[in-house]
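Alright, structures below, take your time with them.
Presented sequentially are two complexes of subunit A, the first with subunit B as partner and the second with subunit C.
This part shows the complex of A and B:
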């Protein structure tokens, strides 16, 4: 049984301007000890998917209108809110992109970590403080005895993200959802944080769902990749397969447009146009308005096509592996 | 004197732009009497040349002073010391009217396409106003015609010129910012993280546009970015900064194939590559970038450098030329031009 399984998840927002079908049929799974990358551009539904798992979608206007979210066999979508609270921050934790805004500025970092521990573990305050100190030490905060009583503004961006990780992992979650955890950080700090996550994963055996737009981070840290476009599945594949033999025209276009892979100074192959507004998603395959392979058939929902072990693509015209995408 | 004179605009061998010993400190005031208690040493002695038609990338992490350097070069902030030679003038010393006339030739594209366009002006006003101010369009109608040509040039429909910025996506807004920058037919454009806020597929479109415009209009770019993939793709030369000071300056090719400064090596090794399974060694630097208010003594990188030795804390390194056009500010290259590898450890008993 997978740790987490999303089956045809649909989260829509009902606004005055119309219905935003931000997540519309997303299915994938995360195993224990596995890191799954969820990639796509702005508006592809990757963050809404993450928020849906913990049912953090503001309701109204948002609502999970269909599908299942199975966590260790239990359906989180239909779980009563009291039972869900026991899961949140305990067996599933989340870290957000902005360490600057996701810590409360008027409490010390210690207070914030200790609160989470007291809420979910049967320990007294002294023991909770010990656990918090231990976590701060584990995530590489220098002088944790001093830092624990400091306020978020006294810490650098990288330190704050470490505090967030310490908080998220203090209850030894089985699943960690990391939404762009290093996007706001410098590369040398990003390398530290990614290394730290890897090391903690090896120790605690948790599954990680890593949401990012950075294909470099995906290549180096994930086992499996889910590519989303316009709230729908485009492709899922083991990481090395995705980079060597992507078969969705969107994935191929995305990989080709990376400057890292093109000869210096050359014009980069681009995907024409831009991501349409969720109010104006085309019917059928949502990528068809920008796709070079599109045909009239694409006006119908794309079928799921198996391409190999663990590799599937949602497309009417799956492509052979692109040449030159070494 | 046989060396090219940076003040002679007619000397074809002179660089388009020469920056010499640029310094910009921001004072920090405290208390009721606004006493100065210190300063942020954002840029502390930066020198480089930008040749005509070339692109120099300025890279480094947050707080390294790259944005301040870009602004001080254009005199959008007043530099505290140093020279910036451009079109026969030393910009920091240029009188206001000269500077105003020179502004036409040097423009900037900002990172944030959301806050760098006036929300109350139409695209025609945003792009057309500078044309009238600098006398490149005598009448409103003339400006309008030029705006339409410019919009098509940057890949926007000319009929959109009456729209307001909020009606455009991030990528389109960045194109508007580019149209505004090239409207005055400048020689030199500072691109301050111009593609950093864009999605991958849109970023590729905008990079292509910048490359096309460079060729078509003979532009020179100072490209400020933290994205080394972008640097590798479009820069001819690279300047690496750390805490307001130069670490290394060389051609893009040399920088990526044989980086010399320990910081450059660590920076390059930290960048994740979109190639899974690629065998590589990574140096993970300990700690954070120190504050530019109280930068470390000596070499500013010594607190995080795995190869630091006592001299690094005591004495600021000089610029050492290790190969033609390749300058490194590091004691390890004092009297030694052989590459040092932080992955392998120090050659001369450092650490």
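This part shows the complex of A and C:
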């Protein structure tokens, strides 16, 4: 049984302008100890998928209209909110994109970690403080005895993200959802944070769902990649397979547009056009308006095509491997 | 990832509250006004020590030495009003515990931050506990003291040739009981501001009026800040239908001119006490903090730390009141300072128009009484007291408003 399994998840937003089908049939799974990368352009539904798992979608306007989220066999979509609160922060933790705003400015970092521990673990305050200090030490914060009593504004962005990680991991979650944890940080800090996550994963054996739009990060840290386009599945594959033999025209376009794959001096290839507004997604395959391979058949929903072990693509015209990639 | 270990322990960055405090201190006028307010508070607390017709020390011939003044502090027949009993309890607590508490508070500054907050919270709770204990003991104590009119008694005894030792406060007059044959006296050494139509000393009533005004201001504002904060928080956090209902409620209240609303409500209450007046003021004034808090909630509720708090599994009430609310309180506290000033003004207006509590020496009441006489001191004195108090509060409010504004940082 996988740790987390999304089955045909659909999260829609009901606005005055119309229904936004932000997530419309997303299915993938995360095993214990595995890192799954979720990639796609801005607005492809990565974050909404992540927020849906813990039911953090603002309701209204958002609502999970269909599908299942199976976590250790339990369906989180239909779980009562009181039971869900025991899952949140305890067996599933989340790290957000903006370390600058993800800590509450009025409490010391110690208070915030300690409160989270007290909420889920049956320990007294002194023990919680010890655990918090221990976590801060683990995430590489220097002089944790001193930092623990400081306020978020006294820490740098990288430090804050480390504190967030310490808080997220303080209850030893089974699954960590990291929503672009390094986007707001500079490159050297990015590398440190990713290294830290890997190391803590090895220690605690948790599954990680890493949301990113950085294919470099994906290549370095993930075991498996899920490619989303317009809230639908495009392709899922083991990381090495994806980089060697992507078959969805969109994935291929993404890989072609990596700077290190283009010959020096040439213009970087891009995917023509823009992601359509979620209000104006085309019927059938949502990528067809930008796809070089599109045919009239693409007006129907694309079928799931198995390409190999753990490698599937949702496309009417799956491309041969290495189509155009160097 | 190797960084220099342990920074020097003295280099503790100031917290937000420390920053505000430093900024406030740099504004000389505001700081002066705060000291002025502190003086006013001490005046209100120690009013009986300045003015009472009960002697501090009393001995008839070789009889036992007693202090009718001390006993009178808890005499519910003399201090009929809850406000006075509260301030008297405060007087006892501040006199006994004030200095040690202030010393302990300052000493806590040397502790590390976490321990300091806990220590100071304990001190605060201890102070409140002591105050409640004093009030409770007072309520439980038997009340059977004869009402002596000490100056008259003293004159009578001395006329009989009995030696009497009596030490009175500087102003040996009651704030409550007038001496009718001294009514409408001009200012003199005995009565620096003269007496009113009932023969009560104007200066004494002015001093006791500070108790009433400060109580009205602080309690009415605490009451409406609490109401407004809760409603504003709910409206801002939940939005949608909750917001719609609360917003319409706010609009209904603010579209009626508040003075007319206050006066018409007050006119329907018989035997108005100052607690009624506080509630009436609060009932129309809660809209301001409600709108402030709602706006702050709208700004904060979509920040990541709120999503993070939900992702950690906090229940909704914790997120609203423990996570978001503390972030929204800066502007609310500033508006509270101005609110105290305007509540005092409102009470004075009500009393001046004859819709206040006639049993307490409120400044507006005195203005109203003075209006019907030709004595200028009876009008000018309470008017000046209102003016000074309201100005001090507004200056302090200005200072805090500037201090929390990072653009005006000096």
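Everything below uses one rule, namely that the second predicted complex is superposed on the first by the 323 of 326 C-alpha atoms of A that agree within 3 Å, B and C clash if a C-alpha of one lies under 4 Å from a C-alpha of the other, contacts with A are read in each partner's own complex, and residues count from 1 in each chain.
As a convention for this text, contacts are C-beta pairs under 8 Å (C-beta built on N, C-alpha and C of every residue); 3 or more make two chains touch, one makes a residue touch a chain.
Given the structure is predicted, the values throughout are model-derived calculations rather than measurements.
Q: Touching A:258 in the superposition: subunit B (first), subunit C (second), both, neither?
A: first
Q: Just to be sure I read the superposition right, which of the two partners does A:102 touch: subunit B = first, subunit C = second, or both, or neither?
A: In the superposition, A:102 contacts subunit C only.
Q: Quick one: is A:41 in contact with subunit B, with subunit C, with both, or with neither? Answer first, second, both or neither.
A: It touches subunit B, and subunit C stays clear.
Q: Answer with first, second, both or neither: which of subunit B and subunit C does A:192 touch in the superposed model?
A: both
Q: Output check: A:306 vs subunit B and subunit C. Expected answer is one of first, second, both, neither. What do you get?
A: It touches nothing on subunit B or subunit C.
Q: Touch test for A:134: subunit B only (first), subunit C only (second), both, or neither?
A: A:134: touches no partner chain.
Q: Counting only touches as set out at the top, which of subunit B and subunit C does A:268 meet: first, second, both, neither?
A: first
Q: Based on the A-chain superposition described above, do subunit B and subunit C contact any of the same residues on subunit A, and if so which?
A: 142, 192
Q: Which residues of subunit A touch subunit B in the complex?
A: 41-42, 142, 156-159, 186-192, 194-195, 213-221, 239-240, 243, 253-255, 257-262, 264-265, 267-271, 274-275, 326
Q: Could you please specify the touching residues of subunit B with respect to subunit A in the complex?
A: The touching residues are 61-62, 169-172, 199-205, 207-208, 211-212, 226, 228-230, 232-234, 252, 266-267, 269-278, 282, 284-285, 287-289.
Q: Considering the complex alone, what residue numbers of subunit C touch subunit A?
A: 1, 3-7, 9, 13, 15-16, 112-114, 240, 303-305, 307-315, 323, 326-327
Q: Residues of subunit A touching subunit C in their complex?
A: Checking each residue of subunit A against subunit C gives 51, 54, 56, 60, 85-90, 93-94, 96-98, 101-108, 110, 116, 119-120, 140, 142-143, 146, 149-151, 153-154, 164, 167, 192.
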